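This is the structure, below, for whatever I ask next.
Letters A, B and C name the chains as they come in the text, with residue numbers starting at 1 for each one.
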């Protein structure tokens, strides 16, 4: 196990270095003269020159790549073109919102998913089970942005129950209130998945011998269901949470845009649209790092929790 | 001899799978949705009641009527016809993207498994670099480089998803390589290409098929999402995502308008995922859940 | 397991409870105003997107002069009065006395005026506003409250657009020197009716009332500017009570403005949206063909399809009440008859329109796609094929500058100074922002002449002449100036500029 983890960790380093190279090359790949796009018709030649030197376009590419790496090691991701602030500072400001949103979305998905899954497992082969299974397929087939739009139309506009934009102004209550819609929208797709996983994992566990034995001893049904079966069946669910967090990180892009929340996803979308290169690079780098870490945790917890997976 | 034996196994397995799927309502549901989408896409000009590109601003944003069953959009175009025509890019993106990623994935996966050594590590490394980005963010950045169009969406989606197939193909090939019949075929002097096409590919076919069903749902979702962010297809081509984005601003004046493309997207995703799920269960009745 | 259940119940209860409260309701003394985009800098000399930042800038800073609220008439602001020398190259301002900068940065004096203007024209300043002061040589301090602008040549736009706009805003010399430019960009110090408070993660900008303002004190104690680029979200936020003032989408305008809780109004935008033909490339270098297109492309349909019939047709780059306005005749297909168009097409070498294939480059935004689809359909009625390419800003500008397109659609922001608005069609703008790729010596000469005179009649005459030149060459079609559709809750009583930009410090509460 230890060797496996170490190997995986070491493997990450060259991956990230290549990711950095790709991000670096964006300034050569993105179409259009950065000065024109970024500065618009009001740009003077001097401004264009200053911008080019800021983007490192005035040096040979390998020199500026090395410089770029050097700066990153020093923790300097450059300065955002439009915000006159350091990229790291901007990201550090918005990142907590994305993390909270992702965790809240995951929490809702796990809670609702397990509930639905248990219900379905409990009433296996009934119409309720068929309905719940179809329901979880439908939620799993609902893209985040559709869920978000529907939530806004129904609950913000028609009933005025939840706010449609922003993060609230101070106070835990206000923040929670603003989190409901986005977290729910984010959770929808993964809820169906976890529900299906819970159901099948429960059924498999209930099939196993020791539970059959317990049953014959006349131990109450709910006791078996929660005390023994769920405890065992929950392992593969824990195993996919890491994977889910990685996925939800991507879904957060849409949620943040629709609900007008600050966050890493919206930051990347905005900076891509504005061609704020240093910010694009920084944002994508942080997103990739988070994603790699989430996947790493997923792989390790998979190996650890899911008894069916055997390491080669 | 090996060929017929192999073929027999494959046929038997297929019959068994179909038999199991016949009892599963999910197979019918998914299958009929996929058929519906395919028929709409292929026969769009025959089915669609009107020209999806013909504008008529005098009757914009009208509700459902006999003339326009689902109403008209902001340029007075018939929504039903646009919905039917939009099945074309949906099919192109999902099937095109999958076929592309299958081709690249299978080639790279086989190469990695067969050649091994530095090449294998290099290929695995490429997979890992692609997998290091959250897919939607990678797609977003790549699209902003090449510019949005049907072709670039297909290629980028294909490349983004390709490592999944590459890894599965490599892993399966490695374990198939160990199997007796491959060894036997090799000892009888069968060439690599013969072994690959006759023995390995049919065996990894199943797992790849299930995976691709699920991914086709994701592709439809991503394409629509990109359009929603304004990075979709070119006009006059219309996709469900483009229609979704177009109707978002009329959400209060013409709320029904957004319902149709949303339903189309969800239904298609439902179709692909239920069918893939049913197929998965049929192929592997013992094992229950797996990504 | 039991313990977990309690946690779940607790969380659910907390969520339900928070549903019942409504923290969205803003405090009474605070105003939330939506602005169309995120601010990039709060330093007036470096604004890139002047329009979205204007309400913020104008609340924090003052200029020597300003537009009389509700008009584009120039009246004194920080200046008491001014005198223009005979040859129009020396302007002497007498400043108001006793005006204090925010946060104890001292009294406003002639020093600050000199500093504010000279930092823009300084060689290493890289200010996008350098153009606005193109003929300014230097600023002379006569005494503490008297300052003189020395021009190399008369400047037509000085009083119409430079001084009353952001280039003319006065910053605190002491503050900029103490903080440095970068720091100042997020901590602006001015003399305005509101004091800058915070620029937060959500990019909201909070201002507090300036208790010592030299004019009438503002009504509201606090203003929060919230950036929302998408009019749909502004509309939703307005309805859910999160903002007090925002823009409506054109299609929902009627419905929402009729609601009891909201009021709304339509203002013409200070911009020009147009269809441009590439006059230097085959096949549209043929004037006959461009004339035919002027008949075929019907702006009225664009106004209905993409602007919900809310925007007015434009017949000139200029708004109707500007100096030099000239109404170009419209090319009406119904009036001229289809025959005329077929004739023109035949004369241009495309009988029946067959074989004519044109490239159309546009933005990837929703509205522009609709316009593209409409023009495409209009041309297809005459058998002309239009390939629409909806591009991101970067590639689009590339194509514009290379001139690799036949038709494009653009929106250019205007100022109240005609010279500014006409400069993009000059010969030396080809390869930059001259989207017609059109060169006309007479046009260039007339523009130059108008630029260096303060004689309004001469300017008007020249601008009219220039518009006729553009019309005679059929270089494009003016479509609309666009519209702004501000809406507000009936609890507030806002004041707007003639082009629909809110003037935050003049907003009063309608409940008093």
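The rule is short, and it goes like this: contacts are C-beta pairs under 8 Å (C-beta built on N, C-alpha and C of every residue); 3 or more make two chains touch, one makes a residue touch a chain.
The chain lineup, named per UniProt: A = Peptide/nickel transport system permease protein; C = Peptide/nickel transport system substrate-binding protein.
Predicted model only: the values in this text are computed from it and were never measured.
In this view the innermost chain, defined by its CA centroid being closest to the centroid of all protein CA atoms, is A. Centroid distances from subunit B, each centroid being the mean of CA atoms, peak for C.
Taking each chain's centre as the average of its CA atoms, subunit B and subunit C sit 44 Å apart. One inter-chain figure worth recording: subunit A and subunit B are separated by 22 Å, centre to centre, where each centre is the mean of the chain's CA atoms. With each centre defined as the average position of its C-alpha atoms, the distance from subunit A to subunit C rounds to 37 Å. Multi-chain contact residues of subunit A (touching two or more other chains): 30-31, 157, 273.
Looking at subunit B, one finds that residues 144, 147, 248, 251-252 touch two or more other chains. Residues of subunit C found to touch two or more other chains are 392, 394-395. Residues of subunit A touching subunit B in their complex: 11, 14-16, 18-19, 22, 26, 29-31, 130, 137-138, 140-146, 149-150, 153, 157, 196-197, 200-201, 203-204, 236, 240, 243, 246, 249-251, 253-254, 257, 265, 268-269, 272-273, 280, 284, 287-288, 291-292, 295, 308.
Note for the complex: subunit B touches subunit A at residues 25-26, 125, 128-129, 131-137, 140-141, 144-145, 147, 217, 221, 224-225, 228-229, 244, 248, 251-252, 255, 258, 262, 265-267, 269-270, 273-274, 277, 287-289, 291. Taken together, the subunit C residues at the contact with subunit B in this complex read 231-232, 235, 249, 251-252, 255-256, 301, 304-306, 364-366, 369-370, 372-374, 376-378, 380, 388-392, 394-395. The touching residues of subunit A, when paired with subunit C in their complex, are 30-33, 36-37, 39-44, 46-47, 50, 82-85, 93-94, 97, 107, 111, 152, 156-157, 160-169, 171, 173-174, 176-177, 180, 226-227, 230-231, 260-262, 270, 273, 275.
Residues of subunit C touching subunit A in their complex: 1, 8, 11, 14-15, 18-19, 21, 23-24, 38, 40-41, 48, 123-124, 126, 128-131, 182, 185-186, 201-204, 226, 228, 230, 233, 236-237, 239-242, 392-395, 397-398, 401, 424, 432-433.
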